[in-house]
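Heads up, the next two complexes both have chain A, just with different partners, chain B and then chain C.
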Partner chain A sequence: MEDIGLWGVPLAILAGAIRVSTPFIFVSLGEAITERSGRINLGLEGTLVFGAMTAYGVAVMTLSPWLGVLAAMAAGAVFGLVHGWICKFPKVNDIAIGIAMMQFGLGLAFFLGKPFIQPSAPKLPSIPFGGWSDVPQVQAALNINVLFLIGAALAVFLWWAFRNTRIGLILRVVGDSSDAARAMGLNPDTVRLLATAVGGALAAIGGAYLSLFYPGSWNEGISSGQGLMAVALVIFARWNPIGCFLAAMLFGGAGALGPALQSVGVTQGYYLFYAAPYVLTLAILIATSSPTRSLAGAPGALSITK
Partner chain B sequence: MTIEANVPITPLSEQAGQIRPLLEWLARRAEPLAIALFAILVGLALFSLFIAVLGKSPVQLFQLMYAGGFGSWFSVQNSLSRAAPLLLTALCVALPARLGLVVIGAEGAVVLGGVAGAAIALPMIGTAPPFVVWVAMGLAGMAVGAAWIGLSGFLRHYRGVNETIASLLLAYIAIALMNHLIEGVLRDPASLNKPSTTPLPAEYMLGNIPGMDVHWGLVIGVVACIVSYILIEATSFGFAARIAGGNVRAAQIQGLPVRRLIVGFTAIAGSFAGLAGMIEVTAVQGSANASLAAGYGYTGILVAFLARHNPLAIIPVAILLGGIDASGGLIQRRMGLPDATVLVLQGTLFVVILFCETLYGRFRLFNPDLWKRSA
Partner chain C sequence: MTKLLPFSRRDFLRTSAMGAAVVGLAPSGLFSPAMAQAALTVGFIYVGPKDDYGYNQAHAEGAAMLKALEGVTVVEEENVPETVDVQKTMESMINLDGAGLLFPTSFGYFDPHMLDMAKKYPDAQFRHCGGLWKEGTHPANTGSYFGYIGQGQYLNGIAAGYASKSKKIGFVAAKPIPQVLQNINSFLLGARSVDPAITCQVIFTGEWSLAVKEAEATNALIDQGADVITCHVDSPKVVVETAAGRGAFICGYHANQSPLAPEKYLTGAEWAWGNVYTDFVKKAQAGEKLGNFVRGGLKDGFVKMSPLGPGVSEEARKTFDATLAEMMGGSFSVFKAGIKDNKGNVVVADGQAFAEDAIELESMDYLVEGVVGSTS
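What follows is the complex of A and B.
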């Protein structure tokens, strides 16, 4: 094996950014849709883990990872529907319901996922873009999963769709003002219900990626807060899908910092590097929030920015 | 977002006799209790359905849950021991909630409070008497916890950072920091498989309440709940917090020190969670290690919401959830259900209880303003 020395660090970070960012991309795109409709779903962490379990379980039983992804999407949509339906009622707090749904989703995933800790599931395919290089690290870094590419395409599509389609417009009207939406003859609750369901389905794809590609197994510690960080990431990305994609890449890179440094022999402060994505999220939140004005580009009806 | 403050309403005395004010007072007080009980029943019914669908007997499950949680003196003591940290972590959620803040990062304060307690005890062992060490540990744990959760409040007020997300991110950072410390400078070389700090000698362990197999943490937790209740209901500080929780703008116009209230309340809340971590070290674990992140901070969220952020109501709710937690092992052994069964029940109860918030003010029985004028 050729030794590429310290060049391995940026390469490993790039590879990590591509590999680690995919769940962030899907969860943050899902949350962006939900938040654009004026509601926040903090429960996506639970949806993500439940999606990971569902995808893994179905893939083990049917031997098809894609059926696993579809099943995870269905399960995620159901979680979103439950959240959206409950939040429709007066006096119900969408943030608190999100926390409750997160605990419920985690509990149910651990409960139903017990039999799937042992067996191994078929993995999602990836495309080797690194064939031109002789360096194994480069080949490994450019071995890109199909879901990453779908996520990137989805980000561009959503960016376009928010501006140029009827559905995108309806979503934004509902998110900016329930009253304006009602005046247009739209039912804000229905729109938010559907937006939360779509958000849940996308978040569950992120979970399917975790269990079916990287790290590629199901266990109770499969997620370390990706679902929650993605919510913060949407705020940072100003509810812009392209911004979500770029922010997800940044977070993936931060998450890969620890393992990358370890691979070249830096072991000091190993655990602190694990905290890098959380510290980065917090720093970004601090830098981009303001106590006096609401955030630029924030949907007007969103409770988290008030 | 706001969480409605529980402002007690003085019953208006009516011409129609003395019994009516009493009934009105009772009706208003009965509403939260009745709705909470209803929510618990609905939650248990849904959970039974889930268990029945899996082909297990819900009746057997509830029998085991009762037996494991409260069926014998042994299990009662077990439940009380598990309730002790929940009392403190629930306060960490309930106190900021009275100000309208949703803080869910108590786990971080527990973990760092435990590490701080263990770290400050190390140089004192052998030179200071146990009581002095406990006080020092308690103060260290509380200070670190206060700083950690207080930071969420500080960021909320000075930078407008959402406290829910910030506190949870801080919890993840805290766990990473703990791992860094107990694998590094604070590691006892003798702890091989499970990195820990040097264990406390037996005489420095916080003992049990006389006559019970329950450590003193329970007493500390109950006292903390009572103190918090007095703080909220009977001091001007607490009154100002309730006003600010009801309407921040109104509080600011009235000249209330909202920023000091927010930072102060989150810091007090964090100090309780830090204390919980320190008690885990000095009464249960004997050293700071990864077992500190056992999820007490997250169960505390459920306890606080179930108790509607009333510190006195936290006491029975924490004991109830401690009992459910304690019965997990028995259910696992006897019925072959996974240990996550308890988590499913907790999640179900949590969702249903928040859902039932929508029932407030809907029943004429609990709303004296809608009663017919008695002749």
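What follows is the complex of A and C.
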């Protein structure tokens, strides 16, 4: 292996952005769909972990990682449906239900996931885009998982679909005003139920990526709060799918900074470097805030804006 | 966290799911060293899952060995946080299962949780893994046990020194506490005994179990040219699989991880808690007094090495076996004769040599020359 010295840092940030960001991308895109319909699902951390467990378990039993991803999507959709169904009752708070569903998902995943901690599951395939380079580090960094590419394409598609399709319009109407939606003959509860289910299914794909590709192992600490951070990223990204994708990349890259700096010999103060993603988030939120307008792009019926 | 139900989760699970299978529930508590009964219930508490290929699995394998002993019932609970939760677990093991001997295995269980329970239940015996038990300060029915695994990391270093082509080896570490620093230093010194040009890059993740960061750290080490990786985190599974996936060799830690990467696994420093637990339980059953401060290393059977993998050369195997024999003889010391730390200060003077149980090593706060990294 060649000595790449300080070039290791930018390379690690790029590689980290690609490797670490995928769960953030899927969870935040899922949450963007749910929140655009006017509902918050804070339970996606639980869905992410349950998806990771389901995908790993099914992959171990069937030896097919793709079946694992499908099973995780189904499980995530069920979690979303439960959340959406409970929230349609009057005076039910979607944030409280989200927290309950998060704990439920975590507990159930830990309980059912016991037998899968030890076995090894087949990994999801990756595509080597680094063939043009003869530096092994670059080749390793550009070993890109298919799910990352799907996530990138999905972000662009959702951005387009929110603006240009009938379904996107319905979603936005319901999200901005329940009354207007009812006047159009739409049932906001049904739309939100489906939007939460789709959001859950996407979040579970993020979980499948965690357990079946990177870091590629199921244990109870696999997520360590990534699902919660991804929900926050949606607000950070102003409910814009492409913004979600970029924010996820930024978060992944900043997360790789700590290990990369230590590996080139910048070893003092690594706890500070590990806080980099959060410091960055705070800085950008402060820089883009305004005293004269509220959050641009926030769906009007969202309970945080009511 | 308050409990909503008057019984513990473990109790509920056991009675409901395995109700019929549970035998020997007759209360065997009330054990005391003075009038011991042959029947003994032993409780094990783990901070994580007991099949994590790591710290907890090493303890659970030890507990599993006890199940074969006559008159011994083993009760276990996993994923118990180092909070007041562990006190509840201990109480329910004592009151509901009749446990007479408890092994809370995680570092944070010791003070105040185990000490409080020991005062409340003076008839039960408590032995903690890794705590610093002091006579007079801590109750007489408590104690601690631990192993000196540094020599195991030195042997790992020998295997790594022969296997490394880039002369760079890597260490994924959790936190810069004395035990971890001693392992890092021993690993590098072992490798330098083979080739003094070798350097060891260390990356601290800051937590005992953080899968994504451990994977990132492993990748960063390999990107910088390290071709043998070892670690000190609770569950080495992610590090082992990531390193093997990138084509690096691995030295294991805590438990035997060779099934995860049979081709790339050189050897590993493992705990042999089964011997320690069997010894405690036999003494308890015989009514003898249990040790309060129990320590041991390779030669005492507290620590063992994984079988050498296919990546270990014949030459490496010879040096490995010779050093192991020297350690078994008890004459070997890793930290001896003129060692500098990586800032240039002399930390072990010429002519000085620390045995593995030397008290100076328990407060280690430096990384030796050749380790690239910093403790803060």
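Here is the rule we go by: the second predicted complex is superposed on the first by the 286 of 306 C-alpha atoms of A that agree within 3 Å, B and C clash if a C-alpha of one lies under 4 Å from a C-alpha of the other, contacts with A are read in each partner's own complex, and residues count from 1 in each chain.
The working rule: contacts are C-beta pairs under 8 Å (C-beta built on N, C-alpha and C of every residue); 3 or more make two chains touch, one makes a residue touch a chain.
In this text the structure is predicted, and so the values were computed from the model without any measurement.
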Touching A:242, do we find chain B (first), chain C (second), both, or neither?
neither
Applying the document's definition of touch, where does A:271 land relative to chain B and chain C: first, second, both, or neither?
both
So, A:61: does it touch chain B (first), chain C (second), both, or neither?
neither
Pick one for A:146: touches chain B only (first), chain C only (second), both, or neither.
neither
Which partner does A:262 reach: the first (chain B), the second (chain C), both, or neither?
second
Does the superposition put A:110 against chain B (first), chain C (second), both, or neither?
both
Quick check for you: in the superposed arrangement, does A:221 touch first (chain B), second (chain C), both or neither?
second
Using the touch definition from the top, say if A:137 reaches chain B (first), chain C (second), both or neither.
second
Touching A:180, do we find chain B (first), chain C (second), both, or neither?
neither
Residue overlap on chain A between the chain B interface and the chain C interface 110, 114, 224, 269-271, 274
Chain A touches which residues of chain C in the complex?
48-49, 51-53, 79, 166, 201-206, 209-217, 219-225, 227, 235, 237-238, 241-242, 245-246, 260, 372-374, 376
Looking at the complex, which residues from chain A come into contact with chain C?
1-4, 8, 11-12, 15-16, 19-20, 110, 114, 117-118, 120, 137, 140-141, 210, 214-217, 219-222, 224, 226, 255-256, 258-260, 262-265, 267-271, 274
For chain B, which residues are in contact with chain A within the complex?
1, 3, 102, 104, 155, 157-162, 164-166, 168-170, 172-173, 176-177, 179-180, 183, 298, 301-302, 305, 337-338, 340-348, 350-351, 353-355, 357-358, 360-361
Of all residues in chain A, those that touch chain B in their complex:
42, 82, 86, 89-93, 95-97, 99-101, 103-108, 110-111, 114, 224-225, 228-229, 231-232, 235, 269-272, 274-275, 278-279, 281-282, 285-286, 289-292, 303-306
